[in-house]
Amino acid sequence: MDNENHTTGSAEPHLGAPEDAGGVRVDTQDRMVIRFAGDSGDGMQLAGNRFTDAAAIFGNDLATLPTFPAEIRAPAGTLPGVSSFQIQIADWDILTPGGEPGVLVAMNPAALMVHLEDVREGGILLINEEAFDERNLYKAGFESNPLDDGTLAGFDVHLVPMETLTKAAVKGSGVSGRAVLRSKNFLALGLLLWMFGRETEVTARWVEKKFAKMEAVKNANLAALKAGYNYGITTESFSRQIEVRPASLPPGTYTNVNGNTALAWGLIAGSQLSGLPLFYASYPITPASDILHELARRQNFGVKTFQAEDEIAAAGVALGAAFTGALAVTGTSGPGLSLKGETISLAMTTELPMIIVDVQRGGPSTGLPTKPEQSDLFLAVWGRHGESPLPVVAASSPSDAFESAVEACRIALKYMTPVILLSDGYIATAAEPWRLPDLAGLPRFEVPFAAGPNAGDRFLPYLRNMETMARQWAVPGMPGLEHRIGGIEKEETTGNISYDPENHQLMTDIRAWKVANIANDIPEIEVDDPDGADLLVLSWGSTSSAIRAGVGNARNEGIEVAHARIRYLSPFPANMPTVLSSYKQVLIPEMNNGQLSRLVKAEFVTPVISLNKVTGVPFTAQEIAAKIMELAGR
Amino acid sequence: MDNENHTTGSAEPHLGAPEDAGGVRVDTQDRMVIRFAGDSGDGMQLAGNRFTDAAAIFGNDLATLPTFPAEIRAPAGTLPGVSSFQIQIADWDILTPGGEPGVLVAMNPAALMVHLEDVREGGILLINEEAFDERNLYKAGFESNPLDDGTLAGFDVHLVPMETLTKAAVKGSGVSGRAVLRSKNFLALGLLLWMFGRETEVTARWVEKKFAKMEAVKNANLAALKAGYNYGITTESFSRQIEVRPASLPPGTYTNVNGNTALAWGLIAGSQLSGLPLFYASYPITPASDILHELARRQNFGVKTFQAEDEIAAAGVALGAAFTGALAVTGTSGPGLSLKGETISLAMTTELPMIIVDVQRGGPSTGLPTKPEQSDLFLAVWGRHGESPLPVVAASSPSDAFESAVEACRIALKYMTPVILLSDGYIATAAEPWRLPDLAGLPRFEVPFAAGPNAGDRFLPYLRNMETMARQWAVPGMPGLEHRIGGIEKEETTGNISYDPENHQLMTDIRAWKVANIANDIPEIEVDDPDGADLLVLSWGSTSSAIRAGVGNARNEGIEVAHARIRYLSPFPANMPTVLSSYKQVLIPEMNNGQLSRLVKAEFVTPVISLNKVTGVPFTAQEIAAKIMELAGR
Amino acid sequence: MSYTRVDFQTDQEVRWCPGCGDYTILAAVQNFMAGLDIERENVVFVSGIGCAARFPYYMNTYGMHSIHGRAPAIATGVAIANPRLSVWVVGGDGDLLSIGGNHLIHALRRNVDLTILLFNNQIYGLTKGQYSPTSEPGKATKSSPAGSLDYPFNPVSLAIGAEATFVARTLDMDRNHTTSMLKAAHQHRGSSLIEIYQNCNVFNDKAFIALTGKQERRENRINLVHGEPIVFGADREKAVVWEEGRAVIVNRASVDPSRIIVHNAHAEDASQAFALSRLAHGPYGPTPLGIFRDVYRPVYDDALEDQVTRSKAARGNGDLGKLLTSLGTWTVE
Amino acid sequence: MSYTRVDFQTDQEVRWCPGCGDYTILAAVQNFMAGLDIERENVVFVSGIGCAARFPYYMNTYGMHSIHGRAPAIATGVAIANPRLSVWVVGGDGDLLSIGGNHLIHALRRNVDLTILLFNNQIYGLTKGQYSPTSEPGKATKSSPAGSLDYPFNPVSLAIGAEATFVARTLDMDRNHTTSMLKAAHQHRGSSLIEIYQNCNVFNDKAFIALTGKQERRENRINLVHGEPIVFGADREKAVVWEEGRAVIVNRASVDPSRIIVHNAHAEDASQAFALSRLAHGPYGPTPLGIFRDVYRPVYDDALEDQVTRSKAARGNGDLGKLLTSLGTWTVE
């Protein structure tokens, strides 16, 4: 598919400069940020996702960021009811959904109110003008109508009578009454597709499949889509089309996936690589619930899911499953992780493999359930009573969630230890193109199952593999391996209760050593440092993409700066000391008050510069670049 | 009272050298460690406590350490059933219950088996020889009888037919059957009192009061006590008496108190100083339960206690009480603290005053419930999801628990914040002489109660005192102050739910600042550094006493070494940076794997040397001194 | 002091989905409160997390929107620390029966003076539609696409099994009935639990159609009224009788009127109330509404206050100086 | 496979206080297990923390001595992950009814295939004698020197209120009865709860004297046997009859024999079992022992296994490659 066909008149591609093309200018841009905003009921997520698909299939690189109304469904038309979806598309390897939108679709006054301030100067506004009645303006808090009071000066404004157009379009589709207006998101989408020179075909195919069993709805949506597209072609007011060319992504098969889904799939991959059935126990909590939902649909993969009565039970149920030899996982968000600590401590001391997924959200307490934050790091690394060291792995992007989940499984099973896998609300819901891995190429996991008695005719549950210090996993059903484990300190090798002081010291040391030693079994951190910089920027988790982009921006400004992302936060990779000591300055941007900063200082006694942001909104590349420039004295 | 009267013959005091005194040598020692050991049923705790009282009233300085059988009551005569009580008495300001006992009372083979290895060379063994029958020897794991197989060579062994003596003594007291032998601890005690040249009078008075309503028991115990004492006087085999002179303690009235009791009293003091009723909610857990037990007896102080269904409920109930304006406290040990995290986070964000007592025990998981450890520090400081900073205060000794509790109350109420108060299993049960504070001299607390609307006729619950950043405490019952608070991020001043990014940043910053600022309202750390040393030893919690003693030992060896104890672990006192930078080396001994070490490194990016011990047994002064010597190159 | 409903409204915009049953309950509670003779400042609403749990923000009283499941514990603290307050708990079926189940049953057995409003919509609303501990077996939701395998609680049975002294059930749509339940619960000193069937029109619409549908409600609604015979049906043609320890629905005409149960909410023995609760396991057919049980038992908050008073009377107000010396002292000069 | 009791003993020294009721229960369980036809390796004991919870260490099977209160959750995981195992839960009244209350009631309603042994000594043994959720009101303990203000649970009532499918009660001292309850519970697929009155001779000695005292037990013990009339007393002179939905004790002679309840443990409706549980609130007078309720309901573990099997049959064994491409893909070359 090539997009030249869809501009009227001359359609030679051109870089940079706008050009006249039969009355319609074609702006070629290397990237563009588009935001869909409307009421929760306006179907903005759907429109955004469809646009994303069209862009992906066209070959753009892209990153998306849906934003849902917080917690309670607000009444239609109000500010808290606004739902939005942002996508950045580009002809190169972009990393974030971008900062200031170049195009805003605003379905009602509230959407305009909330999002206008973000739109970049001269940006395009596609506005559903018919929603701007007095009632809606009042609900949105406008004192006068922004469409004609000068508020929109400096923007490229397009007022579209979306409701009239939609009504006209869907007439005869069989949809009637209130339902008619439901198709207006497709109208907006059609118009946007035109604007970006995309065919409606990809979307139409999807509509046909999705609504196959709802003839009327299908027809209405298709009609609205087409009408929007045609409105773009025919309306004089549209003098610009925007071209963003396909990116040159590495060859491969791509899909577009959000982090919760990718993480769930990664767990299934862990299950297949280990040959163990996946068992997922969870209590619903935003933004982790979708992992449960995704896995609940995968029973044919042998996956069992369990919705527990609370998070403590979920952790306990997972631990019970781990005892039987399952690949046991429990998933939650911050408040739930606070609750699971005691059970995790038991899993740690019984040395059973288990994965605890924490999809971080804004804290403390209930906090900001729909916003991302990176503030559970301390809790993950140090948040249990007693000496309870654990491996902690953090995903950095939607697609990386897959790989991180696989790694968490590998470590848990090889070392017989619970592993905490951190994600966050941004990774959870944002989507990005993901080059599918070669599944056949992934190495199988060896699982330290006990095959039989390991000390003459006895079985000693705490006899260890002297390389990994993992004990053997003897699962019920195996004759001759009957044994008891528990939370009171255990005697080395036998696992019997022991109050012996020296044994407690030994077991504490072994548990610490076991985790520390994993440093030798994880990839070293790779530093991206083309120029031999003095400044290293360290990133972890979802902010990594913005940080990488910000580093790129700074380099474009001629600044030498290195970047490394840390996936393994406990233990740190073996080359951390070397890396840290190779730089004069280390900058650690985080969406918290400096948790990785403190971990690094506590481990390596090296000064770091912290860039902290706790607003529930991800860093932008600009913010990172600005800080780098500041440190570079610019 | 002077002890010279009680030695036979010449009784001039003499320092150092043993002297013949009418057949009985009187050893004068500056300190002596005595350990009572027997079966759980043998009344060793009682004997130890009575001996302690006698020593205290005599004027010795002293420190005690009871050790209970772990968890389950074991059958009589077995090793796990052994209960012991150690006391060190001294003529100077001692700090620990000491290491190797100079005197061991062993009531049965199991007691000997467990404790013999600790007794110092040449130490005195007082053995209940009649318990050394085949059955008991077998239960204790002796293959031959240690009383005559050479095991006890090198000790000063006294085999006492305690059962026969006791039976003879209590005849006619009215006690009969099995109960007769119950008095044998008093027999042992009487003998010991004689050995240390103490009168039986203090003990006899106590017996008379305690068993006033049990005539027979009273008489039996008194008779046994006297019999033991007389046995010492008359038996030829006892050729040594030991003299430990009164210590020159600072003038004042002293009592002998364990840490749980002192902590409970400190909370009552907090209640009286603030004028708020004390509310204590807890779920029983070793070694914290005795705080609940002590406070439950104090209803006439207006104290309400509540035994909750679990630790989460206990924290919740306390938080509810805090909402009503009570001085709310919840107490637990490690596993319980892990459970309370989510609720503490709510208390933090609702900015209600509350104290969470954690009497630390050996971890992780159920761990070693009856052993002390300092391994909940991370959990206290950093163990909650989201950014949840809190003040953390740690008691360092039984009597210091009182003062630390008062401080925790003061900070919680002044700053409207939950405060974590750390104690541990050693502080909880050990006792030491405590010079009673001048209660009248303690400053009253001002409590930031809201008196009425604070913004015109409105009440804004998050309007703050700009000095402390404390919000006002508006308690139900006050008209016009009705308001709602909760765990979702709150708008500054109004407390209404807010999802605004900038507000979240602001509130996060305020909460962090509020806690950090407390650094200016706590005493600076005082460094004990007579010589201007290069090495600073930093201590916190119960190990402080051993560390102070170890520092003293090292100084006696001519080593220059400074010592400072930190009570406030979050925030650190304001002069920490100055103090740290004044020394070339900083040594931090802890009963964990280096938690304070890491906190210090994370905060101050300064190297420290860690001395870690995780055996469930406190440091001895010797261990500390040895490390100091090692660092000094000796 | 005399209030109107407005006095109990706050400046916070009510943010439930349009059409949510929570609105009607809020209005009923506000109206009811306005008619009471308790000062607003002596009322405290404590909730957990969930749609229902937003409730305190809309009540111009003292309130805490706490954390998921813990409201009964926190409210217990409020009530015990200050027994002069009127303490209310609001929560959903997830909040109070799933994560908060333990605190709920313990509060009930202790008989802490709380009025607990359980908004049962048989679904997790706030987290967007997973099954709850009261959802019907086999329910297909996001977390149970192949159908839920959980067997639901009957909240009334559970509460009675947990030694509750007051248990009632009502329906969001029926404001008068809701109000009369509120009144009775409020009058009851000790714990009261009101299960309120509440429609979640977004994630579980029409769950209560058996009691709200025009025809259905006439047939299914069994009104429990103390002292009155239990008869129901479109033409009051059905009756409930005792049969070997069970409450059984029969055709009214088929039994002697004397056999029809005359409802006794004040029976000491909880068996009858329990048996009545078994008439319906979820609102899918004939379902009793009203007060199942309303008996007196000593109230925790009062009893504790009483112990404190008696202790002071017996031992005098605590003297800290004396306490500190109570273990014996010695003096160094 | 044929075992003797010794096969179920471990090398760990049993460390309860001499005279503790736990010993008899252990012996009964070991003997019972030896007589079963289950392989030792297919048995798992899960416990929480408490004296009772030491149990797994003394059973030569798979076992976990977990953390306080969480055994029902952990055991649920064991049973669901591997429905072929025989999974047992052991815990005290504190472990299973206080901190673990919620997990217990949820396991019961879900009908997970667990056999739960509740060692009820009406006290916290391990932590040295605080009152528990089953202690009698007014009990003076270390944590309630002026008398406990808690009203206790009746564990049988609570379990029935929580939709349990099998609930029984027995007594440590009566090994035969204990064994027959174990047998019945084991045969029941789904959750079974056995409340075992267990004497803690150290902190709560003689709590069950009404059922263990020579004279008392003859008067007070009410044996519930399915299909048999409920009569008891030293001379079997008492009987239990239905009276308006309540179970009432009467003089046997005073009623027509046909009125005496013939115990039906298999009644669908839980009301009768509940009513019988109300005959005694704690073992202080006439107290029923035996099986209160034993009915079938689909078992969680089986149903989940079934869903997995059906899903595989309907959709084929999951293919990860296909899953990864299921949202649509595009190819870059």
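By written order: A, B, C and D. Residues from 1 in each chain.
Rule of thumb we're sticking to: contacts are C-beta pairs under 8 Å (C-beta built on N, C-alpha and C of every residue); 3 or more make two chains touch, one makes a residue touch a chain.
None of these values were measured; they are calculated from a predicted model.
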Tell me which of B-C and B-D has more C-beta pairs in contact. B-C
As a test of understanding: of all chains, whose mean C-alpha position lies farthest from that of chain D? A
For chain C paired with chain D, centre-to-centre distance based on mean C-alpha positions, whole Å: 28
Distance from the mean Cα position of chain D to that of chain A, given in whole angstrom: 45
When the C-alpha atoms of chain B and chain D are each averaged to a single point, how far apart are the two points in Å? 40
Two or more other chains touching the same residue: where does that happen in chain A? 71, 80, 299, 309-310, 312, 335, 342, 346, 350, 365-366, 486-488
Where chain D touches two or more other chains, by residue: 49, 67, 98-99, 101-102, 106, 133, 146, 150, 304, 307, 310-311
Given the complex, residues on chain B that touch chain A span 70-71, 80, 312, 334-335, 337-339, 341-342, 345-346, 348-350, 360, 362-371, 373, 375-376, 378-379, 382-388, 486-489, 499, 501-502, 504-505, 508-509, 511-512, 592-593, 598-599, 601-603, 605-607, 613-617
Taking the touch rule as given, give the residues of chain B at its contact with chain D in the complex, in rising order. 71-76, 78, 80, 283-286, 289, 292-293, 296-297, 299, 305, 307, 309-311, 335, 365-366
Along chain C, where are the residues that touch chain D in the complex? 98-99, 101-102, 105-106, 109-111, 133, 146-147, 149-154, 157-163, 242, 244-247, 261, 267, 269-272, 274-275, 278, 297-298, 300, 303-304, 307, 310-311
Footprint of chain A on chain C - complex, ascending: 13, 15-18, 49, 51, 54, 67-69, 98-99, 101, 124, 126-128, 130-131, 133, 142-146, 150, 202
Contact footprint of chain A on chain D as seen in their complex: 10, 12, 39-46, 49, 56-57, 59-67, 70, 73-82, 84-85, 102-103, 106, 304, 307-308, 310-312, 314-318, 320-321, 323-325, 327-333
